[in-house]
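By letter and in written order, the chains are A, B and C; residue numbering begins at 1 in each of them.
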Amino acid sequence: MALVELRSVVKRYGDHIVLKSVDLSLEKGEIIAIIGRSGSGKSTLLRCINGLESIQSGELLVDGVAVHDSKSDLRALRARVGFVFQSYNLFPHLDVERNITLGPTIVKSMPYQKAAELARVALRRVGLEEKIHAYPDELSGGQQQRVAIARSLAMSPSIMLFDEITSALDPELVGEVLRVLESMAKEGMTMLLVTHEMNFARRVATRVLFMNEGVIWEQGTAAAFFEAPKTEELRNFLGSVLN
Amino acid sequence: MGYTFHFRDVFAAQDALLHGLVLTLQLTGTTILFGFVIGLCVAVASVYGSTGAKRAARAYVELIRNTPLLVQLFVVFFGLPSIGVKLDVIPVATIGLAINLGAYTAEILRAGIESIPRSQVEAGIALGLTRSQIFRHVVLIPALRNVYPSLTSQFILLMLATSVASQIAAPELFYAGSIIQSRTYRDFEVYTVIAVVYLALALLLRLLLALGSRLLFRRRRR
Amino acid sequence: MIRDLSWVDPLYLVFALRWTILLTLLALAGGAPIGLLVASLGNTSHATSRLASRAYIGLVQGIPLLAWLFLFFFGFPIFGIDVPGWLAATCGFSVYSSAFLGEIWRGALQSIPRTQWEASASIGMSHVEQLRYVIIPQAIRIATPPTVGFIMQLIKNTSLAAVIGFVELTREGQMTAAATLAPLSVYLMVGALYFALCYPLTVYSRFLERRLHGAR
């Protein structure tokens, strides 16, 4: 069964239709990169998948849970779906350890010692174990983003969503974050990334989607997508972006 | 009277002044406690409540903030007996002051809660926290830290405003002053002493609250 | 003479409002000039004047308004000056207002970024011209919402003048309450009248605030 399934999903903001009709199927272990212009709906699509945004019609199933159904227990779902934001959104009044242990201790009722150990493992994963007692404002942007990834990882998600997580970073800090993503991909994590990093998408993604005017305009394997774009809009987009 | 000041008569009544001072401190302390709790509940209602709760909260805040404390105290003083509640003057004063402080505190806390960026709340949602968990762990402390200076000013204003309770015969510091004045006729001297005491209290309270913030918002290093 | 609460009483209360408004205006007339002085002193390059400004504000704000009223009410006779009650009240309210207005206005002046001074200096404006054409117009826009808010507070504070016998709305209410033995009804009416006066100012202050931040 597909891990994520979208059928004719429509999303509106008032009169403005952001997602016109989106169909998508994501299998376990896949790594999908979503690219497109701003306003094309790519971030909105991601935010619908973990229920941060509601959909007006269509069906959205994540790990068996019907996200579009208001009776569904979205909290339990979100504990299994990791989401990393563009502006990291670390909690400034908590140190790194408390940022990471907050989810497991409160949502999963994990005893603190066990959660702290989990935090240590997650931080080691992103290469920041020594910063465990630092506060967010003592870290660089790249470090904060890696802590944000560790925070999501500590919940042991079955799928990770990344919303343009390198867009707010200074260029020299982007690499350290992408390296973490690449190692996660190698370990078989199911990932859905909205990104501008074309080279990264080409190298790491199993499938790439091009969103335009609220629909998935074109998709394909990474190689086919970048080497032989079928639609003119994608050709134009790649032309303007890859220059 | 000429230019001779007779402060000695005032200092002779220091017992009375001391009693008044103690009650002022007591009133301040209890009012801040109850007023803060009321303010927090009303603020939560005005941000997270149903439409009805939001309207009620808004009405309470606007009613209190647009009418004088003195009139509010009179309404409480004469209103409670009319619904069958017979209380001593000190509890009545506390209730009136707490209702007053609650409205101002609610406004301040509401601004604090709304100052927390939506992105922080979304991070909490994405982790699977409930709304009340998000409020407790993500919103409350940063909100308090953001508005702490405003809260401090409001609490100091409240301490000074306890003097108004003298008008419903609450025997706090100002009332003690007016009693001494009526006995000794040293009007100006009495109120000069009282003014100085309030000034000292205001400075002390500011110091206390500053220390409090250091304790509350300390970075816990492990 | 005890009488029943009748339809005339609300009218008397409404008429008493004019004394409330008058006292507020007098307090502003007295407090604004001093407030301006305090604000400008607080914004100079001399540390002593800044300290004096802060000390003045701290002193006035650290003493309850009732105490200020009583100090002036009982103070004038001591120094041999025979002064009517309303003038003593005006002095008390003026001093009180001067500190709060001074604080608001000093804050407004300070919030004008350095870069505005630098920009106007670089096109050759003198200090006075900078103030007149660039700094003060901006400061006024910033200071208006909190000033309107303070005027609303001042209206409420005039209720304390009742304590030294000045007949404004609250005192009128006290007298009516004593005459009719219906204090709750009377004070509820008094409260309603203050609300009617203050709430529009609150709304206006918020409107100004929104307009200020919208334009930025």
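As a convention for this text, contacts are C-beta pairs under 8 Å (C-beta built on N, C-alpha and C of every residue); 3 or more make two chains touch, one makes a residue touch a chain.
Everything quoted here is computed from the prediction, not taken from an experiment.
Trainee: Tell me the fewest steps from chain A to chain C, where a step is a jump to a chain it touches.
Mentor: Counted as steps through touching chains, the separation is 2.
Trainee: Mean of the CA atoms for each chain, then the mean for all of them together: which chain is nearest?
Mentor: B
Trainee: Between A-B and B-C, which chain pair is linked by more C-beta pairs in contact?
Mentor: So, comparing the two chain pairs, more contacts are at B-C.
Trainee: Among all other chains, pick the one whose mean CA position is farthest from the mean CA position of chain B.
Mentor: A
Trainee: Averaging over Cα atoms per chain, report the distance between chain A and chain C in Å.
Mentor: Spacing between the chain centres: roughly 55 Å.
Trainee: Roughly how far is chain A from chain B, centre to centre by C-alpha average, rounded to an integer in Å?
Mentor: 47
Trainee: Using Cα averages as centroids, what's the distance between chain B and chain C in whole Å?
Mentor: The mean C-alpha positions of chain B and chain C differ by 21 Å.
Trainee: Indicate the residues of chain A shared as contacts by at least two other chains.
Mentor: Residues of chain A never touch two or more of the other chains.
Trainee: Residue numbers of chain B touching chain A in their complex, please.
Mentor: Chain B residues touching chain A: 119-120, 122-123, 125-130, 133, 137-138, 141-142, 145, 217, 219-222.
Trainee: Which residues of chain B touch chain C once you look at their complex with the stated criterion?
Mentor: 1-3, 62-63, 65-72, 74-75, 78-79, 82, 160-161, 163-164, 166-167, 174, 181, 187-188, 191-192, 194-195, 198-199, 202-203
Trainee: Help me check something: in the complex, which residues belonging to chain C touch chain B?
Mentor: Per the touch definition, chain C meets chain B at residues 59, 61-68, 70-71, 73-75, 77-80, 152, 156-157, 159-160, 162-163, 170, 173, 177, 183-184, 187-188, 190-191, 194-195, 198-199, 202.
Trainee: Please name which positions on chain A make contact with chain B in the complex.
Mentor: 50, 52, 75-79, 81-83, 85, 87, 89-93, 95, 97, 102-103, 106-107, 133, 135, 151-152, 155
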